[in-house]
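Input: structures, listed below.
One chain, chain A, links the two complexes that follow: it is found with chain B in the first and with chain C in the second.
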Partner chain A sequence: MATTAVDRVFAPTRGVLQEAGEMMILTGRTIVSAVKPPYPYGAEFVGQFMFALRLCWFPLLVSTVAFGYEAPGLQAANFLVLFGALDRLGGFFVLASIREFAPFVDAIVLAGVAGTAITADLGARRIREELDALEVLGVDPIKNLVVPRFLALMLVTGLFDIYALLFGVFGGVLATLVNHQPLGPFWATFFNNASTTDLWGSVVKTTLFGAIIAVVCCYKGMTAKGGAEGVGRAVNEAVVIAFLAIFAFNYVFTQVLLATHPALTDIVK
Partner chain B sequence: MSFEDSEGTPIAGDLADGSPAAAAGPELTTRPAPPPGASEEEYANHSYKVYPSGRRNVVEFDNTYKSFGRNQILRGLTMGIPEGMVSMILGPSGTGKSVCIKHMVGLLYPDSGDVRVQGESVPDMPDEQLFEMRKKFGLLFQDGALFSSMNLYDNVAFPLRQHTEKSEQEIEEIVMRRLTEVGLGYSRDKLPNELSGGMRKRAGFARALVLEPDILLFDEPDSGLDPVRTALLGELILEIHREMMEDAKAQKKPYLPTFAVVTHDIMSARRVADYINVLWRGRIVEAGPAQDMLNSDNPFIRQFLAGESQGPLTMD
Partner chain C sequence: MDDLFAVPRGWLESFGEIVKFCARILGDIASLRVFKYFGEVLRQAGILIVSSTLVIWGLVFIIGLQCGIEGAYFDRSVGVPAYAGVFAAWCDLRELVPLCFGYMMAAKVGTGIVAEIGSMRISDEIDALEVMGISGVTFLCATRLLGSMLVLPFVYLCSIGAGFFASYLAVVQQIGDVSSGGYFLIFWQFQNPPDVLYSLIKAMAMAIVIVLVGCYYGYTATGGPVGVGTATAKSMVFNIVSVHVIGMLGTQLFWGANPRAPIGG
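After this line comes the complex of A and B, so read on.
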């Protein structure tokens, strides 16, 4: 039958669209619920914040230093040495680290470490019917579980961006030192190119990354089904979707930021 | 029927001998058509008889349909849970008893048809009203659904802390009474994953009770319990119901406490039930006060209530 053939082709797409739609709705409901009194989620918020902090600080430290040292650090340094322009590494770091690498490493570590923990936790509670039990006991899971995770992840991801920046730039410093170069020119070109717009742009961007990770991971956890195996699947899907959503959002955000702040595209010597 | 009307009718076990309805048994004038996609033959054993309980229904299903993908679960379910009685919902494994319970508290919504609680349609309720309505319920989930991050004491205290202004001392008194009743007084500090399935079940039972709500739903309270504890739990249910009835009457509450128990244990059904709903293939086969049901001549009901292998119900 024609309709079933069409159905079969489009069913997966429709599933994706439907999920995307439901995540949008969850985002909306989360924001409304966060703003509207009462605010019973304080303790859970602090708990989740500390939890994410504890889980992520070390993986993030290792990844940012390693990543900052390796990719924009060593590789770019090798390249710049060809032109005898290693002193420009600092300027390059503003472009690379503040605008792109630090936020990315930050988001990837947060999604991979804290996001998966959220999905696994909520998924397990869904499977054990704990979430149903909460609802029947008059506890709104969005207000009491999603909102605190949403706020905590936004705050943590935003803060960790600065942390990632610092350690990323430290990686660049290492790369400069490994090439037996003085640090003076590194900092000079770094601060010549750095602007406050870069900094707040980066922090705002990662805060929104945090929001995306939280919504995707909460959604996947709360809709997990099919036993323990289903929780595993949900975690897996949550990471993939969170990464894709972050890549897409990053593209849009960077374009908008560059378009509205043309000064950012000028490279200062 | 209003509360005053039901004052005079006998309650609990003594319904069986007195009620005039028991003798006659209602005759259906029109037989409902089988659900779409099913043959009349599959529903041959559904006599759809409902022997009158003499009470108004606090929970009503009205031609409710629910499917999960292609899996049709409720297929035109029309069922009532009469006020002030201990009702049993019986049915073969996988017919949708748990699904049915989740419809009552608005955790699942019907595809079509209606579910009413104290006369109000659950699917039509806005969120706020739904949260209010849920306070009338206590629910024991099939797997206990204890909060894994809290110990037993906090689990049982949770509804009290959530919905009442009681002091910690009052809460402790209530919680310990309930935990002791189900034999878990000494395990108050244990976490759910340190308990056996049966112990989790009993803790879930205690948690459902603490608020003494109008409507208590127990999804297989006795599965995973040993025979002695099953019998004791049956008695406990009756005793708690009796207590709550007295309280409700003394306080002139607008609704008498209503229990609905899903079970596979025919013995406890015989001992505990005032009213029995038998569910199969997404519809009620027959329903009525316990005595009427035990005397029913419907082959499915006879097979099921006697737990025999011969009869309309087979493995598939």
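After this line comes the complex of A and C, so read on.
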């Protein structure tokens, strides 16, 4: 078939749109299949939950402490020390850790660690034709493989948000201590400025991040093809798409939350 | 007692292996052996430009928007909306652009290298290379590292530009608490060329570690097509942690004792 210039421009675009559409279809089928009885995925759900927990706790701990100490900790402390107002670091950490950085470091680590493991696992099953064998046996791979991973990743990302938040704030505590300041004012401004809206916004956001990671990574794993390089390539594509989707969603979510809840941006002394 | 130390010892052992492997690659570059395959170096650099730059700039652009809106809302709340440029300048240049560059390098380039070299390893292509008298480490790993060293500083400088542009769009065009001139006055006052250099050093340290780790996991992949997938996933774990740790050390080193801000003495 002769490829015209038009084809050459539109073929990749069509590929991207098609993939996005297929991911949407997979999301829809996963949700329907999760709520429709029977529910055979209990054991697999627990297994995946523990798997993600075991894999992620340490990288997440190092990452959040490092990030909390680095970006909002050191830089903001530097800035505030110039004005002799380091006690306001606590208030800044509500914005920095709860609203912004704990969720996205959480999502980056989950996508990079648990998401890649899921894609590698499902991709391996696709390459070994285990998924085809399951279908022949009349076992629905979406209900038995995708749904438990989807639910487990949503739950685990949401819960890890709290964990990331605690260690992110610990980074701020470290930054305060490095500047030889007492911790009392840090906690005072932190709790004065912390609001329930921020907390639920953060947890809802990360739960949705978990859903995005699970759908992208399961889709890429289940459609892996092409022999030896296939699984590795699938992991590569999955993690790139997951990162872009997480950041784009994060921007939209934060903007909507801030614009619809003006009370969030009031600073309390 | 042995069980207790088995896991940390395993980590230490694999860390030592990685360092040994990286020293070999760096030795190949330092001893100029890699220049025997300079054509391959240029080819790898070209592949990097064509396949990865747009994605990296895209991610940095999104984080620039994010820094912009956070800065605009924060500075509105403390009553100085005209100073959103301070937040944007520090957030972009010093912290999040290097970090996001690191994330996307790890995701796109790092795992890409593992998948590519790993599949060569398990289909015995690397053994074939060595039978022909070509060193696999030099031809596959050192060329990739030198190729990325040639290209990435420029990619990174452009991605700083993408981040700045996005922050401008978010603060001035979207939120609109400050005029364009007022924003840029503050924005440029709170950064200077050494800051760009420090930021570049931080990002290049991340990029070099990511490429080296990618080469290591790809080169040592075992266990068929499934093994390549597992190695790819493992490299991502190492890279995510090292990106954050390098970011932290860089900030401590470059800005820890000196805020480099045009305030006070």
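By our rule, the second predicted complex is superposed on the first by the 266 of 269 C-alpha atoms of A that agree within 3 Å, B and C clash if a C-alpha of one lies under 4 Å from a C-alpha of the other, contacts with A are read in each partner's own complex, and residues count from 1 in each chain.
Just so we're on the same page, a contact is a pair of C-beta atoms (placed from the backbone, for glycine too) under 8 Å apart; a residue touches a chain by one contact, two chains touch by 3 or more.
The model shown is predicted, which means the values in this text are computed figures rather than measured ones.
When the shared chain is aligned, chain C comes close enough to touch A:V109, but chain B does not. Once chain A of one complex is fitted onto chain A of the other, the partner contacts of A:R128 extend to both chain B and chain C. Measured by the number of chain A residues touched, the leading partner among chain B and chain C is C.
In the superposition on chain A, contact is made by A:V136 with chain B only, not with chain C.
Legend: residue contacts after superposition of the two complexes on their common chain; A:E22 is shown touching neither chain B nor chain C.
When both complexes are aligned on chain A by C-alpha atoms, chain A residues 124, 128 touch chain B in the first and chain C in the second. Residue ranges of chain B in contact with chain A, taken from their complex: 102, 105, 107, 131, 134-135, 137, 139, 141-143, 145-148, 158-159, 162-163. Contact residues on chain C toward chain A in their complex (touch as defined above): 55, 58-59, 62-63, 65-66, 69-70, 73-74, 76-78, 86, 90-91, 94-96, 99-100, 103-104, 106-108, 111-112, 114-116, 118-119, 122-123, 224-226, 228-233, 236-237, 239-241, 244-245, 247-248, 251-252, 255-256, 259, 261, 263-264.
Residues 55, 59, 62-63, 66-67, 69-71, 74-75, 78-79, 81-83, 92, 95, 99-100, 105, 108-109, 112-113, 116-117, 119-121, 123-124, 127-128, 224, 227-236, 239-240, 243-244, 247-248, 250-251, 254-255, 258, 265-267 of chain A are the ones that touch chain C when the two sit in their complex. Within the complex, the chain A residues that touch chain B are 124-125, 128-130, 132-140.
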